[in-house]
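Below you'll find the structures, each written out as structure tokens.
In what follows, chain A forms one complex with chain B and a second complex with chain C.
Coming up: the complex of A and B.
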């Protein structure tokens, strides 16, 4: 079925070695973040550096919470990410279905518009959004951040869900329609369960879009109590006066959820993006 | 399996009111009009004014003067060039490494599933965390990158990577490509599943070597995905901000000053909102032009292959 059947069923040692090198390159930076977080302060600036974690140093993770206001940051980030997820999915499901199943005037421009949003840098819309949120009294609120992030997360999600719904045979829906179900019922109770993996992938994308987002969180929020983890951590980039191992510990706490969740759903993300666009 | 669905016996759409698609798509359209299109229009108007960050309500309409200023000099020309280099390098290298990784992970070996999952990890890491750890890795005195170079006997092992004009862009590129090559790998890997094993075997029986098999059988199958991938990577590279801003702020002396960084600097360092908007509009037009070329090229390809 797969490649290189000519060179035998199993991969040769050279191939295995190359795979190992690629994996080491892929994993090293995060491994290094982890090692640094578990390096005793005395050894942080030693040459040669410690290359294995000191497993007696786990208390750094607890101490980091005292040295850095991580708890507030993480809670704010979770609120923003959760809000972005709920709002994005709520906004994306029905348009995705419409793009997949209906023909209607304006469909082409709508689909094109969704794609075009991929070209807009957040930094470009900061100033006008700042003005709009000022009028809506949403500056310095997590709600404002959720609204801004959703605008950037929702097009990709719509695209992925559209690709997934394309794969659902219409016969299944026809049967329900004969039974008198409305379209809305069909979408919610028949189509959505069938695309559950892609829905999960979409939720992960939206969540970590909100979790990762930096520009809006930096510019639309000035209240320290509303600071997100992305902005908080960004303040430590290239700075050595706060204990580096504490900063890296916070970095690990901030990174780990994203990595774990993406591992589960990345298959569906790629399948959806490419299917949605190639056949678009 | 789907033959019945597209057959002539298919029932006509019975009771869908004509406004149903608009009910479904409408809320999202309104949302995007409000939070994407309207601000974009505001930004376009802003680019025709002189507006200070300190009093953003006061605009002086100056026509195309901001654009004229971009052409006349300053950092815009070099920002364009750096954006070009950065984008081309990102797309080319990410696809190169992605293709390599995909081909490696396509053939069966023990632990392949785990390897496929692990290789995607960089793509999932939040950019702020990536900037944080790579800045530490590139630290001139204590960074493990320089330590590794010294251990390997390179004289470059004392360089201040992020603060040296000739080295900052390569360091940023290395970081970016580390982050995005897994996405390329996964996309190409999924495209490789569509390669016909019969064709491949036939080519091998005909005595084709690996490179010829790749060119004749594998590449034509994965080409549409790779082309689309390159479009996504291009657009994303044109708008990438967090990594570059946090690692170098576009410096040293503009060495990593891409268009988006220049836009941010104009707006929030020099406080010239009009000039910032003009930079943004130029970047957007470039992205649109590239997308247009892509769609034209793929359309031509499809026509050439007799599809549609």
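Coming up: the complex of A and C.
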């Protein structure tokens, strides 16, 4: 409904100026990365700095792909982020539904307890997690990394989905019960399609969490072949020299899949899924 | 098609009793209306019939089969919600087809692509498609079958909800105030549609409403409820002409029945204030001591003041509503026995045909058609028979 309210407003010059300023602030670092990646090493620290990319320097991207194992890192990151997304959503849907719809003993503490996991810094949990994963033979596996990331993503996603499910009128579920749906069919066929926007938002959160995560990836993975892009990228910053333009090139490459994932998913983040069901 | 029997049905929420010992026998094909004010438990009772609320004690039978411990889907009842409760992400066609899909549902329908095709196959099978399209035709929804509920008007959504109930060909239709969200004109039209639906489709209908006009026009029988207790279970005509207690008398009818404090004056006469009235033969011997006389506003008429042995009073208010006029009359030396409002204790309502030329302050006499009068106990409010 709010989308309709704002659509009628005309875009005044002040509005446009504000949008432009905010966009520039957001996009400038990306642009700077891009310019730097295409700047020859010798010109990196020139004063004044270059603001126009040197388009003869494309070879730096080819180097990144063929001389540095960027492809492997990206694939590993994609597996971790994708796995975290799927597993987190799968694990969060049912507790979110239970928190929204059922009354049970210990519901309040359970719901709050989910937040407790968010209060501890990852760095503090690395050591115990390392010990546990060691015993379970999950060290040096992407599965282990997915599990660790999922543990952090599930509570947040559970709360997001709970809030969305709260907004689904219970009459719709009752209608489905009368029509012959089991509880699980109600959740999968009726409730989930209606919370699709929140599901998409939750997927974005889980994916980015898995994609960007550094501490666990650094600690739990030691095999070069299983290294994720976040760790790989950080590994560039050497003690003696840092190939700035390469770092920036890889940084750009690292950013792109996440942006593409977001653009793909954001189509589903639309309002008004529940409109038309019950009398407003 | 089925009969419906409720035996001693009770529902408690903690220490609060929402439904108290309801016993109803609804014959096959009947249109039962559960009528009552907000919070009287009528919706709760309907939800118990549907299986959406549990029954604390008592039994519900459909024909000879006990259903109160069955899940909603196993009771073969369809439910039409006040809020329509359509599936917003499905087209009108899929909304109506949905109960039929659920009949053939297998667990693997949850598998994303597989389920999509399986559901589509059921939807496109000739028998399902024909049934859905003929239902849509009956409800004038044919042109909207491929639209989403959000693009429909309130009346159209309500018809989709009806269609979803009809395709199942259930034994019992349950409807929870299905017309209350529609505007007055549409409500009248839909009321007629529901009556003809009941006639054409058959089946037993249980219909919840707080609107006495809906109840009187639609129901073959009405169960009037108050505070979780069925006050009277009878035909509309009986409820109107022979209310079982003063509550029913005041609930039905616009304006409601007038109740007057009276004293028995021998077995055949009644005294109201200083006026002595003769009782008709059926009421002879019923009254002893203090009683309440119930008389509909339509059974009262205005006569001139010279007429002896009648109630007299002054006009307090005249309301013209077209075909008739409503007159509030301030009585001399008589008190009403209304317990349901804080209005003046000496006023009663009279309905007179046409446009009344009376003005407030005019002195008039009343003539009472005692053949339409009923007597209630002054203590218990129950009708004296």
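The rule is short, and it goes like this: the second predicted complex is superposed on the first by the 219 of 280 C-alpha atoms of A that agree within 3 Å, B and C clash if a C-alpha of one lies under 4 Å from a C-alpha of the other, contacts with A are read in each partner's own complex, and residues count from 1 in each chain.
Just so we're on the same page, contacts are C-beta pairs under 8 Å (C-beta built on N, C-alpha and C of every residue); 3 or more make two chains touch, one makes a residue touch a chain.
Computed from a prediction, not measured in an experiment: that's the story for all the values here.
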Partner chain in contact with A:43 - chain B first, chain C second, else both or neither: neither
First (chain B), second (chain C), both or neither touched by A:177: both
First (chain B), second (chain C), both or neither touched by A:262: first
Chain B versus chain C as contact partner of A:188, first or second or both or neither: second
Dominant toucher of chain A (residue count), chain B or chain C: B
Contacts of A:215 with chain B and chain C, given as first, second, both or neither: first
Partner chain in contact with A:136 - chain B first, chain C second, else both or neither: neither
First (chain B), second (chain C), both or neither touched by A:26: first
Which of chain B and chain C A:169 touches, first, second, both or neither: both
Touched partner set for A:117, first chain B, second chain C, both or neither: first
Set intersection of chain A contacts, chain C complex versus chain B complex: 169, 171, 174, 177, 273-274, 277-278
In the complex with chain A, residue positions of chain B that touch it: 1-2, 4-5, 11, 14-16, 20-25, 27-29, 31-32, 35-40, 42-43, 46, 56, 100-101, 103-110, 115, 117-137, 139, 141-142, 144, 147, 151, 162, 178, 182-183, 186-187, 190-192, 195, 197, 200-201, 204, 210, 218, 224-225, 228-229, 232, 235-236, 238-239, 241-242, 246-247, 260, 263-264, 267-268, 273, 276-277, 280, 283-284, 287-288, 291
Touch list for chain A against partner chain C, complex: 169, 171-172, 174-181, 184-185, 188-190, 193-194, 196, 272-279
Contacting residues of chain C [partner chain A, same complex]: 50-52, 71-73, 77-79, 81-89, 98-99, 102-103, 105, 110, 148-152, 154, 157, 164, 168, 181
Complex contact set, residues of chain A against chain B: 1-6, 9-11, 15-16, 18-19, 22-23, 25-27, 29-30, 32-33, 36, 44-45, 47-49, 51, 91-92, 94-95, 97-99, 102-104, 107, 110, 113-132, 147-148, 150-151, 154-155, 158, 169-171, 174, 177, 183, 208, 211-212, 214-215, 219, 230, 233-234, 236-238, 240, 244, 247-248, 251, 254-255, 258-259, 261-263, 266-267, 270-271, 273-274, 277-278
